[in-house]
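Both complexes shown next keep chain A, but they swap its partner, so chain B is in the first and chain C is in the second.
Let's turn to the complex of A and B:
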């Protein structure tokens, strides 16, 4: 395999460009389903593309006293990490033989970087509201990482492998009771990882006026929005891959369709949770994750060890 | 029509700048954004931070103190940004013109692209103002 082909994979398919387009389409699904829940018509199909492209032509305001380099580069870290995580997941779908052992751990680390980039960007912007948003994001990150990793551990225990491809080949984790509990825990953690309602305290439009993003404008804000859309695509795909065997590309058209339906179903679950739950305060969210959610994840891990 | 104008008019992020209004215009703005009128169909969404804004909706009477803030908020917005003066107060000063603390209309401080009189203007009138503004930006008659 030559270098040019690799770079093409990282930048176009299934890396940056593919993830961005798929993420924006997913965010349209999100907005459309939200609109239908609220008895509205909803935005046109290309609306997320317009939103991001419009931000690319806007002015970039850099507030006085800002750490310029960090302020401008923070969004790029997040976008790169989301694209790389998606690349690793899709490589396990498309070229199963060439993935390495331990890629689940790499993906887990990559999926935390968008949150870290939001924290860095918000603190760099020197705005009190952004700092509040950043500190809430940090607390939320500490809260959901433990149950999320525990939930991912359950299918790993079932298959005795930390290679994503082995999880795709084995029986789906949700066929066992411990897998179902872990899947539910992972969906709740995904909601927090995407900072969607009920865990959107870091942004909290009505109290923090955009929270971590308050000082961002123009292209950096566009990159942040793109990163959020890419995470909205990558996270459900990751959970579908870990718990429900992902999308099978080597068995004909029907399994591909089934895989896409599994993914869309999970996205709709996320959207419905976001539309029916009220926002939790940050202390409530941390208590929720460190209390019942971690407990459920622990129960699932113990059950998985016992073979259930 | 350029690419920039096309993108701007298809995705208008609205920021609501209330300058000591009697709240009727503010209520009508919120009404306009409810599911009944569903402005998201046209890509219009409300944002919380002025840095994210493409449209400033200015309401109310600006006195000698708040007019300085009005100018500052306008400078903080990322350009290009358009301004709509909503309600008779923001357009002309309405019945507060003879008041001791009234300064000048909004357009003496910041450039206003559209005036929307009414006390308060109806949501339909606001949508019409936005349509006219979009047409003006696109260069159509």
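Let's turn to the complex of A and C:
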């Protein structure tokens, strides 16, 4: 394996730069659709880029007496992990033969790192609001992790493989009833993983004034925002890959277009959920995920075992 | 001893049957030569040094700690020399020292790896103890038993005779009892509990050894191989397995670990329940499942069930603890679950994963306990409510704790992730072989890993990141001394190295040979490449920082509601006490704890309804009550009993063999 080439991949395409640009475009879609739902015009296409660039030239403040190293590194680790996860997913699309068995588990763990970095960063802020936000983020992670893993495992049961490439080659999971249930569960979990309404308790503008991000400013905040945008792009792509065969690049233009449409459709679902649901309290969210959502995931798992 | 020269040298033997190769025979050695034999020396040298520690008078406490550290370092060298000697054997055959008097000793891939890890940890703990135990009472016994434990553990690992193994195993349980008790009278209860649970499992081990002896007609570990064909063999297997699981601290034989971890000195907790007992328990379990017994699907599934249950229950308990050392102890229990789960898959990959996880757990769990010890040494408490803000003043301790915490939570690319990933893969494989519960176990294990992260997030917040508690705010707290931070930092580095170079270093050299070297990894997770990629993306971020305003970052007060936080939150209450309204992190999971079925379960766990020690106590108390009635203190009553017994004996004697005694 050519290491230099891989580094280029992780930094430019399909890693950091590509994911960031695509994520910012996705966040424009999000904002535009939201505006339409609320009968507004919505921002211009480049607005998300302006926002991040503006943060990059703003002043940075660091809380006195904190662990500076952790405070500043936390956003970077989240961003790096998101870039690597994106690289692993896209490599399964682009160079299918070269992926390794068990890459789904690696991607799952990498996709939790952005949340971990938010938590550690918020704790390093030494602000009670940030601490509360961080703890809510952690509880949310606990809540959705169980049903999310169960849902992801449904296609794994269908194909008996934990290699993303094998899932892409097999029949899409959503063709079976168990796959449909699991897909629905995974979408709900994704909503929480992106901390979007109704699961935005960690940030809760009205009560925690930004929660986890309350002490962040300037470039570190910009990196956090960028990571969020990257996740907004990577998570739907991951679900499309797991449940709907992803995007096929070796069969001409039509399948690529179809793949992009699948992705955009999923994004619109995310945006519509976030615009139509009220925020849940954190204990309600935990109950919701450990109760009905996990139950649905278990039903899907049992159905998958029975071959449905 | 005897004149005949039957000492065979390593190189001139090339029999076809490798197992029967005798590297040296006891009969040909004099007593002195026997004690200095390179295979016996890892046992005798630390024991001798321990006795020396015991003999030094009290005035030489400083010299004693130096002596113990040097002696444990020499033990590492002795083991290294032994391993080199063994590596020179043709074909890496097991090295055997046999004889009639002591049974035999045997060194193969599995035992060599565990032997090395054990002695290295012995050294690190001795080094740490130099600072941690300074000025404490009963140092004489402490160091004597520390070195003694190293020697006894080497004995367990090298023993190839079940009786020898049993003797060393029992001694180790006793060593545990003494070393917990060194903390003082308040630790006596925990010490007793450990002794009863571990000692009880030793009795089962004794029963198991007896059964195996009768059935297999041999006590030589390496030549026993049994099918689980009938009931009595299952009994033997369960006896051995319970002994192994109780030593490792798997549920339901775990309840001594939290008490021990909370009460014993941190160095003892880091050495025994966190490191050594895991190593030995898992060592015996691997010997059982890969050597002594031929496993079947039902037994493997049972093991996996124990593993998955241990992971989830123990980590849930860890989540709600308020004491740092107790919290860590629950993790010491929970992590065993992953190892048992890996071994329970029965595949080479799973067993390798379990062994690797055992090694990794030893590294990060010891590091965490050592950090807890350092915090305790500097602040005088391990209560999470009364700590905070130590990241700034104890940066080295913080970094080692952070790395170890992320490693135990399975954050890639650290070592904990690699071994978990191996175990997960083995579980999917076991599903292909017809095990239908694998998915539940897999989901449990992955969820357990999230819960682990959650409880360590709480630790990091409460100990290192939140503002200092009122008690500590005006104290001058400094970083611990060299001998105390060095082991922690060294272990944290190992967490990184064993994660990044997992395949090249521990797996290829130690763990794959230990499971027979036939491990199939279909395209591995290239941890080192992934690390380079992560670092590249990270470096790009740093570059952005350097080009932007971060260089001129301003340090400012934290405000809340427009007011400086300290002024709002740290005013004195009406009774003159400083009020601490801050978020310490201890109650982060209160919402989880209060969820409906969990609240009742936690309540039951607090009432010790799941504690085998308390349950056993209640059951035996019931029988005591019956027996107590017979002890009325009345002489005529006792005389009646004696007479009745005599009559029974006479009847048996004169019934002429019709009653078999």
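We take it that the second predicted complex is superposed on the first by the 307 of 308 C-alpha atoms of A that agree within 3 Å, B and C clash if a C-alpha of one lies under 4 Å from a C-alpha of the other, contacts with A are read in each partner's own complex, and residues count from 1 in each chain.
What we mean here is this: contacts are C-beta pairs under 8 Å (C-beta built on N, C-alpha and C of every residue); 3 or more make two chains touch, one makes a residue touch a chain.
All values reported here derive from a predicted model rather than from experimental measurement.
Annotation: superposed three-chain arrangement on chain A; chain B versus chain C shows no clash, the two fitting side by side. In the superposition on chain A, contact of A:197 is made with neither chain B nor chain C.
Once the two complexes are laid over each other on the shared chain, residue contacts for A:43 go to chain B alone; chain C is not touched. Considering which of chain B and chain C touches more of chain A, the answer is C.
Of the two partner chains, chain C is the only one that A:157 touches; chain B does not reach it. Of the two partner chains, both chain B and chain C are touched by A:57. In the superposition on chain A, A:248 contacts neither chain B nor chain C. Contact with chain B, but none with chain C, is seen for A:205 once the two complexes are overlaid on the shared chain. Once the two complexes are overlaid on the shared chain, A:106 sits against chain C while remaining clear of chain B.
In the superposition on chain A, no contact is made by A:277 with either chain B or chain C. After overlaying the two complexes on the shared chain, residue contacts for A:116 are found with chain C alone; chain B is out of touch.
The minimum CA-CA separation between chain B and chain C in the overlaid arrangement is 6 Å, rounded to the whole angstrom. Shared contact residues of chain A with chain B and chain C: 56-61, 215, 218. Against chain A, in their complex, chain C makes its touches with residues 389, 391-392, 395, 398, 402, 406, 409-412, 417, 421, 424-425, 428, 431-432, 436, 439, 442-443, 446-447, 450-451, 453-454, 457-458, 460-461, 464-467, 521-526, 529-530, 532-538, 540-542, 544-545, 548-550, 552-558, 560, 565, 569, 582-583, 585, 588-589, 591-592, 594-595. Chain contact summary for the complex, chain B toward chain A: residues 3-4, 7-8, 10-11, 35, 38, 40-41, 43, 47-49, 51-52, 54, 76, 78-80. Those residues of chain A whose C-beta lies close enough to touch chain C in the complex are 1, 3, 6-7, 10-11, 15-16, 56-67, 70, 72-73, 75-77, 79-81, 83-84, 87, 99-103, 105-106, 108-110, 112-113, 116, 119-120, 123-129, 131-132, 134-135, 138-139, 141-142, 145-146, 149-150, 153, 156-157, 160-162, 215, 218-220, 223, 282-283, 286-287, 290, 301, 305.
On chain A, the positions that touch chain B within their shared complex are 31, 35, 38-44, 47, 50-51, 53-54, 56-61, 205-206, 208-210, 213-218, 221.
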